[in-house]
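Quick one: structure below, then a few questions.
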Amino acid sequence: MGLDIQSDALFDQYRTYCQQTGTEPPIETEAIHYLKGLKTLSVHDLLTAARSKGDVLVQPRCGVGEIAAMTQLLETLSSKGHADILTLTIDAYTRLLQLEKVSDLATNEPDSLNGFPLLSHGWQKTRQMCASFNAPCQVRHGSPDPRLLFAATVASGITSFEGGGLSYNIPYSKDTSIKDSLRYWQEVDTYSGNLAKQNIIVDRELFGTLTAVLIPPCIALAITMIEAILAAREGVKCISIAYPQSGNLSQDVAALNCVTTLARAFLPPDVDCFPVLHQFMGVFPQARHNAEALIVLGSITARLGNATKVINKTYQEAAGIPSSQANVDGILLSKTANSWLYDLLPVPIDQIEEEQAQIYSEVLELLAPILDRDLSHDAISDAFATGELDVPFSANSSLHSAVIPARSSSGGIYISDFGNLPFSEKTKAFHRARLNTERSDATDMAAISRDILYLATETTATAAPQLS
Amino acid sequence: MSEISKLEVWQTATHLELDKGAPIVILAVAPSDVHVVANQIIAAQLRVKGYKVINLGAATPLQEVIETWQSHSDVLAIAIGSVNGHALQDLCDLPKLKQLYQVTCPIIVGGNLSIGAEKDGSEGQKLKDIGVDYILTDVTQFFDILDQLKNSKNRSERPSHGGTHEFDHAQSLAV
Amino acid sequence: MGLDIQSDALFDQYRTYCQQTGTEPPIETEAIHYLKGLKTLSVHDLLTAARSKGDVLVQPRCGVGEIAAMTQLLETLSSKGHADILTLTIDAYTRLLQLEKVSDLATNEPDSLNGFPLLSHGWQKTRQMCASFNAPCQVRHGSPDPRLLFAATVASGITSFEGGGLSYNIPYSKDTSIKDSLRYWQEVDTYSGNLAKQNIIVDRELFGTLTAVLIPPCIALAITMIEAILAAREGVKCISIAYPQSGNLSQDVAALNCVTTLARAFLPPDVDCFPVLHQFMGVFPQARHNAEALIVLGSITARLGNATKVINKTYQEAAGIPSSQANVDGILLSKTANSWLYDLLPVPIDQIEEEQAQIYSEVLELLAPILDRDLSHDAISDAFATGELDVPFSANSSLHSAVIPARSSSGGIYISDFGNLPFSEKTKAFHRARLNTERSDATDMAAISRDILYLATETTATAAPQLS
Amino acid sequence: MSEISKLEVWQTATHLELDKGAPIVILAVAPSDVHVVANQIIAAQLRVKGYKVINLGAATPLQEVIETWQSHSDVLAIAIGSVNGHALQDLCDLPKLKQLYQVTCPIIVGGNLSIGAEKDGSEGQKLKDIGVDYILTDVTQFFDILDQLKNSKNRSERPSHGGTHEFDHAQSLAV
C-alpha cells in the first residue's frame, strides 16, 4: 500500500507514547487501511447528505471515564436518542496532557473523570467500541496541543476531530503561545490533508464558541475563518464551523448565514464547509421549562439558519454533566429542528439581512490586517499581541481580553469596549447604536454579570405584552 | 464608580505591583480546569471593591498557588474555582502541601464540585476532609467571607483556622 | 345547612340511577359540604392565579377503563409530568348514555374502554381517587345530554366540567336536536350557578374545537360565546373558552386575544373568563420530530396569545391514546409555554392585529341575528336550521354543514364556501383575498383533504429559504 | 369536475332518492363513535367518483346499518369507520346480525381499530373472526376494493364472500 504521508512525526509520537505506556503501538498502514475499509457512513458523508436534504444533524456531547460505561452511554444515545453523530468528549487531564494523573485515575477511579480518557484506554479498545455503532464518532476535547490525541483518534478509526490552533488554545490554556498552538494544529491539518489525498476525508470542526460567554458573532467567525483558511491550505477538505447561539434569533440566523458566505469567499471551492450551531453555551437556566425553551430556540435557530448540525444541550445543563436519559431528551427535542413546521414561524427577514451584512463586514475588518500579511503564523500571533485580534474572557493570559461584550435590549451580543480591534467608525457606531447603553465603563460588573446571566433568568413574571 | 482603571480591573497577569500591607486575595482556577469567566469576573469585582487580587487564572497547579501564598505576606485568602467536576482530584495534594508549606491562610473553593447533574451531597465534606476551609455555592457568600476575614484580621493578627469557624452561615450553604 | 338549589331534578336523576344500578346514592347536602371543605385549590383558583402571574397551566387528556389503572395514570401525570390540572376523559359509551354496554364492559373488559366510565365506577370511588391528588380534576367527555354525568361529577367532588349545549352536541351526536341539548346543558349551568351562590365555583369549559378539523376561528368563537352568554345568564362565574390551534401563529394569537375582548364585551364583569388553547386537534404528523415541533408551536402560541391553560398533545397522537410516558413528555414540552424565553421570538404584531380585528367583526356578524332575538333557544335553533349558524363537518345531521373551510398559503384557516352564514361583503372579500384560490367548487376533495392533512405532512425536504 | 352538485356531495341524510340499479355503498360510523370528518370526506369522494352513497353518519347502531342494507337491493358494500378504538366492542353483535339477516354484502372496516398508541397487531384478525371481510388502513385501499367489487359484480351476479377473497393485497395491509 503506497502511503503518501509526508509528516509522519505525529503518528510516530503516538507510537512512542504507546511503547512507553506498555500498550501495542498502531501501525500506520493498518490504520489507514482500516479507515478505508469502514462500511459505515463518515461524518463527512452525513454532513453532505444532510445539507443536500436540508436536514439538521443532532450530536450530543458525552464522555465518561470507564470504557464499559462509555459504551453503554453511546448505546443509549444511539438507540434511544437516535443521535446522528456520537461524541467522545475527552477528560480535562488528557486535554492538558496531564498524562500521569489521567493514567492513574483511569485505572483507579475512572468514574471520577469528566470525560473519556482516550489515550489511557488506547486506540484498540476505542476502535472496538466505535465499531459497534452505526453512527460515526467525533472526538471533542479542548487541547492546545492535540497531536497525541489526534494520532490516537486516527488509529481508533475516527475521522472527525474538533479544535483548532486558536479556538482550542484561547479558551483552554493559560500559557501556550499562539504560535505554538498554531504549529501543533498545523500538524493535524497536514495529516488530515494527506489522508484526503487518499480519499479519507477527516471532518475538522472549528470551535467558534471560544470562551462560551458573550462572544460577539464577528469574533467567533473571524477566529474560525482564520483556522479554516489555514486548514484548507494544508489540504483539509471538510470543515465544520461552529457558532454559539447568542439567544437573539436574528443575530444567530445572520451569523449562520455568514458562515456560508464567508466560506464561499475565502475557501477553495473543493472544500466542503458546514455551519454548525452550538445550542447556548453560557449559563443555562435551572428550571426545566426554561432550559427546554432555550433548547427549542436553538433548534429553531438551527433550522432557520440552515445549520447542517446542531450540538444539543439538555435540561440538566445548569447542574453539570447530564444523565443519559436527559441527554436523550435533549437530542429528541433538538431533532424538532428537522421539522418543516418551524418554517411556519414568522421570520424577521429585514432584521436578519441587516445583521448579516454588518457581521460580514466586521469579519472583513478583523481579517484585513492579517490577510495583508498572508495569514502567516507570525501575523496572527502579532495581531493577538497588539490586540487587533482579541477574545473576551480569554483563559490565555497573552491575549489582551480588552474587548468587553454586552447585550442589547433584544438580547443580541454587541461590543461595548472595542479594545484594539481594527474596526471602522461605521462599525463602532453600529454597536453603540445597538447597545444604546448608559454603561459608563467596563468596570460595571453588575451590568456584565447581568448580561452573562441573561438567558439563565428564571422569572415567569414577564408575560407577553397584551395586544389589546 | 471606582477609581481603578479598566486594565487594572481585568488584569490576569500573575505578578502585580501591590500596595505593601494591603490584604491580598489569591485567585486561581483548579489544575485541570479552564473555566475562567467566573474567575475573571470575580477578580474584577474584588478589585472594584478595593481588594488586591493576584489572579493566577486557568489550570494553575496547586504548588504554584501555594508558592504564590508563600512569597507574599498579608494574604487574606486563597480562592480556587472548579467548574469541571474535578475539584477533589485536582486538590488531592492539598494536605501534603499545606503541611509542607505550613499554610495558615484560609482556603476557599467554589463552583461545580463534582461531575454529573445529580449530586449526592458528599462533595463538600470530602473537600473539607482534605483541608478546604470554605465551600461556596454562591459568589455573594464569598464576598461576605472575605469581608469578615478582613474585619477579624483588623481585630487580631490572624484568624484561627483548622478548628471551628466563625462562618457557619457560609458552611451551612455548602453543596 | 341552607340549600339554595332550585332545580334539583338533575341530582335526583342521578340518585335514581344509583339506586337502579345498586350503588349508594349520594346525599346532596353532603356532596355540597364536601365541596366546601376541599383543602386543595380548585381549577378556578388555579386559573385565577395563573392569569395574574402570566403563567400557562398545562392539562393532559387521559382516561382508561380500570380505576386502579386510572389512579396510576393520574399519579404518573401528576408526579412525573407535574400536570397542573388532571383530567378524567370519559369513555364513548358513557358519553352517549349507552349505559348497559358500558356497565358490562366496565365490569368484564375495563381495559377495552377508551376512557374512564365514571357512572359505572360511581361517585364514591371517583371521589376517593381524586382526593389522592393535589391537582384538581376536570371531567372531559362529549355528551349531548350530560345531566347524569354532571351530577356524578359534583358528587365526586369535582368542580370543573367541560362541554356546552352546542359544542357537545354538534360534533358528538347525529340526532339530538339543538333545542334538546341546549335544555340539558342549561340544567348544568343552572346547577353551577346555584353552587356559585354558595361560593362553590364550577369551571365550565366550552369546547370551541367543535369537529376539530379546519374550524374557522370566528365559528369556534361565535359558538362558544353563545354558550358563555347562556351560562352566565344561569349564574356561572367561571368560564373557560377553548380555541383549537390552527397552526398559523398570527391567526391563533389573534383568536386567543379575541376571547378576552369578546368576553369583556358580552359577559358580566363578575364572570371570570379564561382563554384556553387546544394544541392542534386535527390529523397529527407521525414522525416524533414533527409531532413535537407542532406541540412546540402550540406552546409558543399559548404563551404569545396569553392563554391561561393549554391542553397538551403528545408525540404519539397520530397513533392513538398515548402511553403515560408519552403524555408526561407532552406535558413537560408544553410547559415551555411558561418560559419567558419564547418572548424572544419575533412577533408579527401588524398581522396579528389585522387578523384580530377581522375575527372580532366576523363573530359580531354571526351573533347579530340571534342577539336581536335575545339569544333564545328558539333563535339559536332556528339559526342552525337556516344555516345562519353552521359548523363544517358536523356530526349532527340537522346542521347544514354547508360551510367549507380551506387553508391559505400561510396555513391560516379561512372560508371558501360561506353557505348561509350572514357575512358582510367585506368579510367575504377578506376570506377570498386570503385564500386567493383557484378552487372551482366545494367538491374538490383533493384540495380539502390536502388542507386537512396540511400539518400532518412529514416532508423534511422543505428547508428554510436561504437568505443569501 | 363532476356534474354532481355541492349539496348532493355533502349530504349526510339517511334516505336519498337513488338511481334504480346503480351500485350503492352504505357508510356509517361505528355505534359509539362520532368521528365523522373522514366519513364525510369519503362519502363525498365516492359521490364525486359516481357511486351512490347512503351515509348513515355518526354513532349508528349496527342493526340500523344492516336494516338499511336489507331495504335496498344492489348494495355493493357496507363500510364502517371506527376511530375511537372501540371497533371490536362496537361490532360484537355482527355475527348474530349477519346470520339473522342473512347478510351477503361485504363488510369493510377502517380507522384506528384499538385504543392505545402501541398496537399488538391482533385487532384485524379479531375483526375478521367476527365477520368483517376487509380491514383498511388507507382510504385508497377502499377505493380499490370498491372498484374491484364493482367489476366482479358486472361479471357475475354477486362476488363470493366468507371464503377466499380476491383482495389479498388489501388484506395484507390490515392492521
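The first chain written gets the first letter, and so on, giving A, B, C and D; residue counts start at 1 in each chain.
As a convention for this text, a contact is a pair of C-beta atoms (placed from the backbone, for glycine too) under 8 Å apart; a residue touches a chain by one contact, two chains touch by 3 or more.
Bear in mind the structure is a predicted one, so any value in this text is a computation, not a measurement.
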Subunit B and subunit C, separation of their C-alpha mean positions in angstrom: 58
Distance from the mean Cα position of subunit B to that of subunit A, given in whole angstrom: 31
Computed distance of Cα centres, subunit D from subunit B, in Å: 79
Distance between chain centroids, defined by C-alpha means - subunit A, subunit C (Å): 46
Chain contact topology (line, ring, star, complete or other): line
Each pair of chains that touches, named by its two labels: A-B, A-C, C-D
Interfacial residue positions of subunit A with respect to subunit C in the complex: 53-55, 247-250, 253, 257, 260-261, 285, 287-290, 292-294, 296-297, 300, 303-306, 329, 332-333, 335-349, 351-353, 356, 410-411, 455, 457, 459-464, 466-468
Subunit A to subunit B touching residues, read off their complex: 92-93, 96, 98, 101, 105, 109, 112-114, 142, 171-174, 211-213, 316, 319-323, 326, 393-397, 401-402, 417, 440-445, 448-449, 452
Interface residues, subunit D side, partner subunit C - complex: 1-2, 4, 6-7, 9-10, 12-14, 29, 31-34, 36-37, 40-41, 44-45, 48, 57-60, 84-86, 88-89, 112, 114-119
